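Labels A, B, C, D, E, F, G and H are assigned to the chains in the order they are written; within every chain, residues are numbered from 1.
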Amino acid sequence: MREELIIAGFGGQGIMFTGTLLSQAAMIEGKFVTYFPSYGAEVRGGTANCCVTIDDTTIGSPVIINPDSLLILNKPSLDRFKPRLKKGGLLVLNSTLIEDEVKETDAKVVRLPATDIAERSGQIRVANIVALGKYLAIRKIVNQESVLQALEALLTGKKKELLGLNRKALITGYEYK
Amino acid sequence: MREELIIAGFGGQGIMFTGTLLSQAAMIEGKFVTYFPSYGAEVRGGTANCCVTIDDTTIGSPVIINPDSLLILNKPSLDRFKPRLKKGGLLVLNSTLIEDEVKETDAKVVRLPATDIAERSGQIRVANIVALGKYLAIRKIVNQESVLQALEALLTGKKKELLGLNRKALITGYEYK
Amino acid sequence: MKKLFSKPESLTDTDHKYCPGCGHGIVHRLVAEVIDELGIREKTIGIAPVGCAVFAYDYWNFDVTEASHGRPPAVATGIKRFLPDRVVFTYQGDGDLAAIGMAETIHAANRGENITVIFINNAIYGMTTGQMAPTSLLGMKTTTSPFGRDPKLAGYPIRVGELLSTLEGTTFLARCAVDSAKHVLDAKKAIKKAFEVQLAGKGYSMVEILSQCPPNWKKSVPESLEYVRKEMMSYFPLGVIKDKTKA
Amino acid sequence: MKKLFSKPESLTDTDHKYCPGCGHGIVHRLVAEVIDELGIREKTIGIAPVGCAVFAYDYWNFDVTEASHGRPPAVATGIKRFLPDRVVFTYQGDGDLAAIGMAETIHAANRGENITVIFINNAIYGMTTGQMAPTSLLGMKTTTSPFGRDPKLAGYPIRVGELLSTLEGTTFLARCAVDSAKHVLDAKKAIKKAFEVQLAGKGYSMVEILSQCPPNWKKSVPESLEYVRKEMMSYFPLGVIKDKTKA
Amino acid sequence: MPKIIIAQNKCKGCELCILTCPKKNIRLSQKMNKKGFHYIEIIDPDKCNACGLCFQVCPDVAIEIWK
Amino acid sequence: MPKIIIAQNKCKGCELCILTCPKKNIRLSQKMNKKGFHYIEIIDPDKCNACGLCFQVCPDVAIEIWK
Amino acid sequence: MTTKRLMKGNEALGEGAIQAGCGAYFGYPITPQNELTEYMSRRMLEENRVFIQSESELAAINMVFGASVAGARAMTSSSSPGVSLKQEGLSYMAGCELPGLVVNVQRGGPGLGNISGSQADYFQAVKGGGHGDYHLIVLTPGSVQELYEMPALAFSLSEKYRTPAMILTDGILAQMQEPMEAVKIDTTRDENRDWILDGCKGRAPRKIRSLLMEEGALEAHNRHLQDKYNLIKTQEQRYQLINEQAEIMLVAYGISARVCYTAIQEANKKGAKLGLLRPLTVWPFPEKILQELALKVKAFLVVELNAGQMVEDVKLAVNGKTPVHFYGRAGGACVTPGEILKEIEKI
Amino acid sequence: MTTKRLMKGNEALGEGAIQAGCGAYFGYPITPQNELTEYMSRRMLEENRVFIQSESELAAINMVFGASVAGARAMTSSSSPGVSLKQEGLSYMAGCELPGLVVNVQRGGPGLGNISGSQADYFQAVKGGGHGDYHLIVLTPGSVQELYEMPALAFSLSEKYRTPAMILTDGILAQMQEPMEAVKIDTTRDENRDWILDGCKGRAPRKIRSLLMEEGALEAHNRHLQDKYNLIKTQEQRYQLINEQAEIMLVAYGISARVCYTAIQEANKKGAKLGLLRPLTVWPFPEKILQELALKVKAFLVVELNAGQMVEDVKLAVNGKTPVHFYGRAGGACVTPGEILKEIEKI
């Protein structure tokens, strides 16, 4: 089954890392996966987004037009990507930074105060991971264990010290009700 | 009637001027004419040549493959262009610098000590004009008068003082037996 | 009440896309202020570079054209020669001016083109996210000098002002910074002088401005200012490098 | 009997295509003599320019490659970096080195590439038959400055050695001439020094040689020599411009 | 008393003005603007001497000063 | 007595050697070589001191000197 | 007496450009187009216009960019290697929709090649040697007279459609001399140049740019460009047709068309039916007439001074309906009438 | 556990080149290929090989020229505007018969355009953006895995035929990440490189040149080049064919082929017969298989991220035998599987 996910938020919210992490986890599970970042000049103080496609068979285009799911960390990204979500798709959003009411028609909407939760768990920067946890709890596209392994694969060298924090954030997100 | 002429000699022998002069004369007579010089790096201390085509109708390519006539002022040029002369064509050569015997088979050969004549007439540099005169006396492709007019058109400004010399050279060539 | 400090007319109200603390924004304003003060907005034509300032035409409220990477001096030459009574300036980064555009820079200067060059030296390729620039300091780690700039492999930071000063064609050359209010005001003076040189028909003027690029330097804004002051200024001394109008 | 003076081994027996009196031929021989004397013929790679010396590969008896117009320094860099123990030199005219190739010249020098540059300054574009060069003197009439070089339109003759001397990367820079036997011998010394700098791994060396181009200067050979001595040498002074090996 | 107008949505919270103000009279707000930056606020309007140094260093022309 | 060998077909008659020879011992021949140049000749072989200056300035390496 | 002047191709082109109101010329020497740069260095100053011998071809095309931005009829000229260096600049001019004229006096390639005439830069000229989807309007003069007259056409088409134009010629045409009539050149310009930058006095500031980062903006711009190119394709296909009724139709432009002309003269003597389609624009390519001819003629023979380039455009137009043959010589060699006649016999 | 690594296209290409024995890399930053230059700046030094961030793309291609002359497997990379600047250098390399690798990570054009992926430099790559009659061998990877493996092929073809090769890719493939298997790369080189310049010890001096002024020399050289190109055309046409039996055959390379692949997956679900011919070399163009397919399929649909370029090569191969349709989006926009399916319906 193919899952097409767009992750979006402010530059600095770890959007790209979230996408790579998920891709790494999918790869660990032997799945087909493509990751495609938005890149370039628009980044300066702007928004960032990336596309992750996971499948059991060869993937064509890594560019996602109509995602199955959205993981949205800020308001401008909601405005930009919401109209593209597939009918009946999943929208996980960071309610700390998005106050908008989002209608449930045509989409399953999950609101989660990711930034708040992250701040409480000690590091505002891991809001992305919290949100990823929640998303994965709903869309069981990869196992938690694979994501934890992926974290170890990505956070090496100096970044190793961030491992615990990220692990905790992931699990918090997973378990957030 | 079309006349295709190649003029060739050492750089410095006034090859290009001779070609332009003849072309100018043809234009004065309302003829169709093209002039095409060899140009470029090979000139350094080497030989020079140009193609003049004169016709009563539109001329296609200005490049001459098999000339009707050759006006040859030095030995290397003879070796280079002789094989290209049309059967029955005209070869006027500067016997001062070309000692070779040239067989008359397939071509009418006219030997003329152009450099000697020019030197005697006061200026070694007008050997080209002497030779042109001789060529025109045989191939009456333009009138002497037109060439004299052409000389006036080309030798202006500082070069005006060379007019007499060139006129004389032309006529000497014309009349050389 | 009176407006004491506010956006000059020669700036549009468009938000800059620059990173927080970036020097480009400050210099944009200084250029706009000088143009306002000289009353030349309606006869000025600016040339935006390829670099972070590529969108400068959105920020300036006068005619501005794009130029391909490194070629603003040639474009400026084309404009100025055809319209000698207009004011023409280029705005260029260190990659644009001193790497790919070095030949055009030297030759416009040598011809003494009556143009003004505003040169933003942030010792890095900002727009392409952090590669080594011709002006990157020795030892500086960038994304293409991951072990620090090694002169044996990558040569030395180029002092553009000093290089151009050997050319007969250059009239006014200065180096400034925008790390502090005082230096900002000095920079404005130099920019004004440069435009005045052009207005007087005296030839080529260039103001080099040391500018901070916190994200690509991988530094906070205060650290960046420190870097400008301690490291950059000692290799790139501030001041007037050449002033032929004084001779 | 002993051969006192004769063709060095590093020259082939091929006739030069140069005009009578042209300086290129002299410098070709000097380079060949130096290479012979240093015993490096079998490890030398020369780079011929686009200019009258484009056929240099026919005249030198060692490996020589072509380079596109202005890019010999880049080509030399590619060769030398890959084969650092070979001797690599470029041979370039003023159009090649100082006009179209200015950026490559400056940057190879600034990187301190361990190469030698032989720079033939004849103040003209020889090969293309007489257009203005970046080093043409003021007032000089050429086929593209028919009214004489006017600094307002065409800028100033560039003193390349002095320009390069401001760059940290340059080690040895000198200017010579080939208008007389004495200057020819001086030029040979400078060329030898330049190659020695490279052999010692000390970095970038450049020898500029003022050279006569009688046909394009529209002068006889003696007049050309006079022009070199009177006009060129007073704008382009002979001598060592920079020698870091002495510091 | 000078009036300082801050264009909250232009401010990027770079702190250049904060570092520059001789009166140490500027700080970052707790709030974020629509671009996601904490913008600045004047601590005590009365303390400002309208020197304009904050304006001089602001890359985003987010400050306007009246008097 | 030094021996000067002139490669007649290499010489372009540029006169650089003529202008240089301290003994004024070189001149142009009346004859032309195959390239169309008047090549040089030594006026008086005995006068030559083998100084080699003519060799030094010859762009065409048309001179060889033995002793 | 004749009112004609004997003129060299390069100089005729220069004078034609000056008569057409060329306001700024920027060039760098290269054989076989040097006489053009040299001619301009004198004449432009005499006319009090802008002439610069630029430091390089790259600088030249960017100076043209600048002068065009400022409203000038601006031009540059070079030969093959130098034109390769202008490709980035040409793409920028096309992207910014700037008029301007680039002359390519083709020589033998690839690389340094030689300085003989050639037609080996056809692809570069018509397919876009630079990056991105763009086209130049490419004119191909066939005589000194046309070299004189075509700059005016090039400038005016280039301004009409706001896209750079090229005159694609070669070392033979540029170096040859022929009698030329200095006919009066029409210099009327489109008055509504409401995009040039000359200072924003009395109007809103303008900008010239090809960078379009906003989502969909560059695509929209490309659609606009393609619409324009399609308009040019329908409006501006130009050609000369000789012996319309011929069974075998030669297709050639510029110098090779002249050789074809001689071949036709010779064929005529022998009574053979030989025709010539001579494109005057190679972009837009005269495909309409080719499509018509494809239904009439027995075969086409494309003659070029290269290894076969325009032959592809002929094939694309003909689309398999009629055999398309090719004869050419590459590397600066020139085809001869005799060779063409021999090729014809083989068909 | 998997032996794969998640790798970015740019970096896979870099590592692939290093594994293939790339001895010298020269590059200048430009989006979207920066990660390649950056990757090389670290890895080449680690491997004790040559890395230079050159002052420009022009300098880079000429450094490649130099390193190639000296015997290195040399490469440079850039994106569209930067590749335009390399055209003169490429023509010289082709003329001098030097191997070498140029990577073009295409972005939207013309001009500065944008930094999205694009395929609008197809003509430049395959028709020769530089001057003269020459060709590059042009490879078109379609996945991160192929980006890793193709440099080796590019180097070896380039050395085998002594002509520069290009890897023509785009911003999407270069920026995406995918699992990649670091398979062992064959690095055997043709031992007989009897033309390189490394000092004439024990042999006669050599020269590398493209200037051939003697009468007929350049023409002979061009004939030799054309013979070589014809040999490459017969030997090296590469492609992948999916659903050979399909009625409608898509033709696409690189990123657009991937989109086509998704379209085929979707069409398959609905039972429609859709195939894909994916050229792996666009020069030489796989015309033989196209000629065969032309006799079988009902129609071709060429899909490109541009305004229609490769479609000409398809038409030339098919020569009117089968209808050839085109669908593309220009200016950095990407086609979608849905759009392709809609186009198919129209046929």
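The criterion applied here is as follows: contacts are C-beta pairs under 8 Å (C-beta built on N, C-alpha and C of every residue); 3 or more make two chains touch, one makes a residue touch a chain.
Everything numeric here is computed off the predicted structure, so don't read it as measured data.
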Separation of chain E from chain A in steps, with touching chains one step apart: 1
Fewest hops from chain B to chain C - one hop per pair of touching chains: 2
Separation of mean Cα positions, chain D and chain C [Å, integer]: 34
Can you check how far apart chain A and chain B are, centre to centre, with Cα atoms defining each centre and the answer in Å? 85
So chain A residues touching two or more other chains come to 40-42, 45-46
Hunt down the residues of chain D that sit against at least two other chains at once, touch-wise. 18-20, 54, 66, 68, 99-100, 102-103, 106-107, 111, 127, 134, 153-154
Going by residue number, chain E touches two or more other chains at 12, 37
Mind listing the chain C positions that touch chain E in their complex? 1-7, 11, 15-16, 18-26, 29, 178, 180-181, 184-185, 221-222, 225
Quick one: which bits of chain D touch chain H in the complex? Just the residue numbers, please. 41-45, 47-48, 54-55, 57-58, 60-68, 71, 74-83, 86-87, 103-104, 106-107, 111
For the chain H and chain C complex, residues of the former touching the latter: 28-31, 34, 37-38, 41-42, 45, 51-53, 55-57, 81, 111-112
Per the touch rule, the chain G residues reaching chain C in their complex are 23-24, 26, 50, 52, 54-56, 58-60, 62-72, 74, 88-89, 92, 96, 197-202, 205-211
Under the stated contact criterion, what part of chain F meets chain D in this complex? 2-3, 9-10, 12-16, 19-20, 37, 50, 52-53, 55-61, 63-67
